[in-house]
Amino acid sequence: MKLNHVIESQQFTVPLLMELFERTRQMEKMVARGGTKDYSSKIMATLFYKSSTRTRFSFEAAMFRLGGRVISTEHAADFSSEMRDEILEDTIRIISNDCDVIVLRHTEEGAARRAAAVSSVPVINAGDGSGGQHPTQALLDLYTIYRECKALNGIAVAFVGALDNGRTVRSLTYLLSKFDRVKFYFIAPPEMQIGDDILHYLDNHRVQYELLQQPEGIISAVDVVYRTRIDRDRLAKKDVDLGIYNINAAVLQKMKSNAIIMHPLPRSVEIDPVVDTDPRAVYFRQARNGLFVRMALLTILFDQE
Amino acid sequence: MKLNHVIESQQFTVPLLMELFERTRQMEKMVARGGTKDYSSKIMATLFYKSSTRTRFSFEAAMFRLGGRVISTEHAADFSSEMRDEILEDTIRIISNDCDVIVLRHTEEGAARRAAAVSSVPVINAGDGSGGQHPTQALLDLYTIYRECKALNGIAVAFVGALDNGRTVRSLTYLLSKFDRVKFYFIAPPEMQIGDDILHYLDNHRVQYELLQQPEGIISAVDVVYRTRIDRDRLAKKDVDLGIYNINAAVLQKMKSNAIIMHPLPRSVEIDPVVDTDPRAVYFRQARNGLFVRMALLTILFDQE
Amino acid sequence: MKLNHVIESQQFTVPLLMELFERTRQMEKMVARGGTKDYSSKIMATLFYKSSTRTRFSFEAAMFRLGGRVISTEHAADFSSEMRDEILEDTIRIISNDCDVIVLRHTEEGAARRAAAVSSVPVINAGDGSGGQHPTQALLDLYTIYRECKALNGIAVAFVGALDNGRTVRSLTYLLSKFDRVKFYFIAPPEMQIGDDILHYLDNHRVQYELLQQPEGIISAVDVVYRTRIDRDRLAKKDVDLGIYNINAAVLQKMKSNAIIMHPLPRSVEIDPVVDTDPRAVYFRQARNGLFVRMALLTILFDQE
C-alpha cells in the first residue's frame, strides 16, 4: 500500500484512510503536548502558481511541527518569467533536486499528475484548476466528520452552495463514497448543481443521492451540513434569494442536536457569526485538523522511502 | 505583569520596559558570542497585508536567532483573493492554529486589536494603518536612547520631519512620556505638525513640549534629534525650503557632543551621507537594535505561557 | 586566499576553484547519504530585487542542507516601497545586521559590488543586470564540465544561442579562460554574437576562439555544446530560421560520443525532448550540481570567518 504521490482523493483506500487517521490523532496529541518529530533533514518545496496563503501556511506549519525545512514560493506564475514560460515538467525535474517533497498548487487541471510523472520526490496536489482536486482538503474534511460524528458509514451529508466548480465538494464526495450507506443531498441553484461526472461516479458506485434547489425540509435529517460559498456574479438571474441557503439561528433550530456544520473557509455572509458559538459549528476545528492531517500524510510519505 | 499581545506602546509600563531592556542587553551579548536560544518548537507567522521587507526580516531573523521557525507572507492582501475578501477575525482564528505567535502588519488602524481579540496565540502589531502604531519600532527607538544616552529621565528630544502621519513618532512619544522631566520639540512645516490627540495626551500627562517650524536655535539644546522623512508631494506650497530640516555637517557643528541623531530609515536626502561617520549618527545601530529588542520581546511572550 | 564576497567569476583562481570542487564533491556524497552539516546558527538573507524562483530555491535548499536558516524576499523592488526608493547601501547595511550571508539579485549591473562595499557579512551575486554576472551559475557550469569531461584543460566548447546578453555565457567564458588550451566557438545570429569586451579579454589572455553563424561542421569537433535561448522578438529579420541552432536527434548523431550538451534552463524549443534521454544530455545533472556547488561555496565563506 505504497503512497508515491497524493494527486486525487480516489487513490485513498479505506485501510490507508484509517492508517492516516490513526496517525492524525497521534499528531494532534503530540502537538497538544508541545512535542515535535525529527524530520530535520527533510525539505518541503511549496510551489504555488496561484497564491493561497492559508493552504500554504498549513502545509508549512505541518512541516515545521515535524522538524523539517521549507522553501516557498507564493505566486510562481505571476512574477517569475522563467517559471511562467517554463515547461512544468522541467521545473519539477529541477526543483525535485532541491527537496524531499513538492506541494504544488497550479491553475491547470491535471498539472499535479504531470508533475508526479517526472518528479524524483513525492508530489502533493494542493489544488489544480477550479475543476480539479484538492485532496488534502478532502482528507481533513473526512477526518473532521470521523472525529466529530464518530462514524463514516451511514452518514447523511447535505452539500449546500455552489457545487459545480467546487474542488472541495468533488474531492470529499469521492472519499465518502468509499464508505457504506452514505447519502448525499446536493442543494444548489440549478445552474450551480454538482457536475454529471460526479453523479455518474455515484451511480456506478451505487451511492444514494438527491438533487435539491433549497434546503427546506432536509436540513433536520442530515448529520453534516457542508456549506460552500456562492458567487452572486455567476447567477444568470440576479434577483435569486440566496438567503435561503444561509446558516443562521433559524437553521440551527431545525438541525439535529448532534449534527455538524462544516465550511472550507473563508466564509462570507453564508454563515451568520451567531452560529460560531454553537457546538455544532465545527468549521474552525475543521481548519485546525488540516495541520494534523497534513503532518500525518507527510510522515506516511517520508517513512516509506 | 502578563503580556498577552503587543498592540500599542502605551501598554508598556516602566518596570516591563526595564525587564525588556535587560533581556535585550542579554540578547545583544548572546548574538555577539554567536549563541542561540532553544525555542526550536516555536513557530512565528508573519502576516503582512502590506509589504515591509525590512521589518519582516528583522522579526524573522529574531525568531531564527532564538532557534524558532517562521511561516511568512509578504503581501497577503495583494495576491490571495481569499485573504483579501476574508473576515480578518476568521483568518486569525485559522492561522493561530498553525503557529505560536502572529506578527501582523495591516492597512487598517485597529486591525491588530481586532486580531488579538480572537487569536489563540499572542499577536504583535507590526504597524496598522498610517495613523496607527508600530510599537516594536518605538521600543527599539527607546532602547537606543537608553543605550546611547544612558538615561531616559530628563531627556530632551527634537522630532524633525513629517510628524502628522508618522507612526514612529507617535508611538515613541507615548513611551517617552512615561519617564520624568522629558521635553519634546516638534519641528515640522505647519501642515505636517504632530496631531492634536498626541498634544492632548501630553497635556494630560503634564509632559513639556514646544511646536516649532524650524530647528534653528533649538538643535544645540537637545539630547536626541529624531529625523523622519518629508514627502514633498504632500506640501501645499511646493516652494517651501525643506533643506532647513536636513541634517548635515553644519547641523553637526551645532549639536551637543554627546547628543545622538536617530532615523527610522530608509533615509533619503534628509541626512547627508557625510553624517554617517560621525559618532553621534546612531541610526544604523538603532536599526540593529531592532533585532535584539524583538528577540527579547518574543522571549517574554514565550516564557510566560 | 580569503574569499570575502562572490561578485564575479574572474575573482576565482584555479587553486580556489579546485578547493571548491573538492568540497562540492564532498557535499554531493553527503547529500546522497542523507547527511547534513551543522551550520544551524547561520542565517542567509536572499534579497531578490527581481524574482528568480529556481535560483532562489537552489540557494535556500543549499543553506537548509547545511543546517542553516533563511530569510527570503522574492521581489523586493516590486512590492516594498521602502525597498524600491531606498539607497541600496543603506538596505545592505541594515539587512547585514540580520544575517550571516546575503544572496543578492538586482536589476542593475554593479549592484553586487556596491553592496559588498558596505556589507558586514559576505555578499553573493546571484545576478546583477542582464549584462552583469551570475558567478554561481558559471561555477556550477564549470563543475559540470569538470565532472562530466574529467578535464578542463584542452576543452573545446561551442556556445550556441543568444550570446550578446547572456550572463551565463559571459561568466563561464571568464572562468574557462583560466585553463590551458581551451577553445571557444561562439555560434549565433550576427546581431546576437558575443560582446567585444569578452573577445578583447580572450585576446589579452591568448585564448583561441572562432565566431560562427551556424553550428554546421563544428558540432562534431567539440567536447561541450552549451545552448542558450534565443528570443525571436529580438531579431531584426523575423524570417531567420532559428531551427538550425536547435539540438535534436540529427545533431546528436554528429556529436562526439563523449561530448556533453549543457543548458542553463529553462529550455524552450531549442532542445527537443527526445534529447533528454541521451546520456550526453547533462542539463538536468547540471542544474542539480547547483545545489552542491552553492553548499560548498557557503562552507568556504563560513569556515574562514
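Odds and ends about this structure:
When the chains are written out, they are named A, B and C in that same order, and each has its own residue count from 1.
Throughout what follows, a contact is a pair of C-beta atoms (placed from the backbone, for glycine too) under 8 Å apart; a residue touches a chain by one contact, two chains touch by 3 or more.
Note that the structure is a prediction, hence the values are computed from the model and not measured.
Superposition angle, chain A onto chain B, using Cα atoms only: 120 degrees, a multiple of 5 between 0 and 180. Copies chain A and chain C of the same chain sequence form an interface built mainly from non-equivalent positions, shared numbers / all numbers used being under half. Note: centroid distance chain A to chain C, computed from Cα atoms, is 40 Å. Touching of two or more other chains is recorded for residues 72, 74 of chain C. On the side of chain B, the complex with chain C involves touching residues 34-36, 51-54, 56-58, 60-61, 64-65, 70, 72, 74-75, 78, 265-268, 284, 287-288, 291. Those residues of chain A whose C-beta lies close enough to touch chain C in the complex are 40-41, 43, 45, 69, 71-74, 76, 79-80, 82-83, 85-87, 90-91, 93-95, 97-99.
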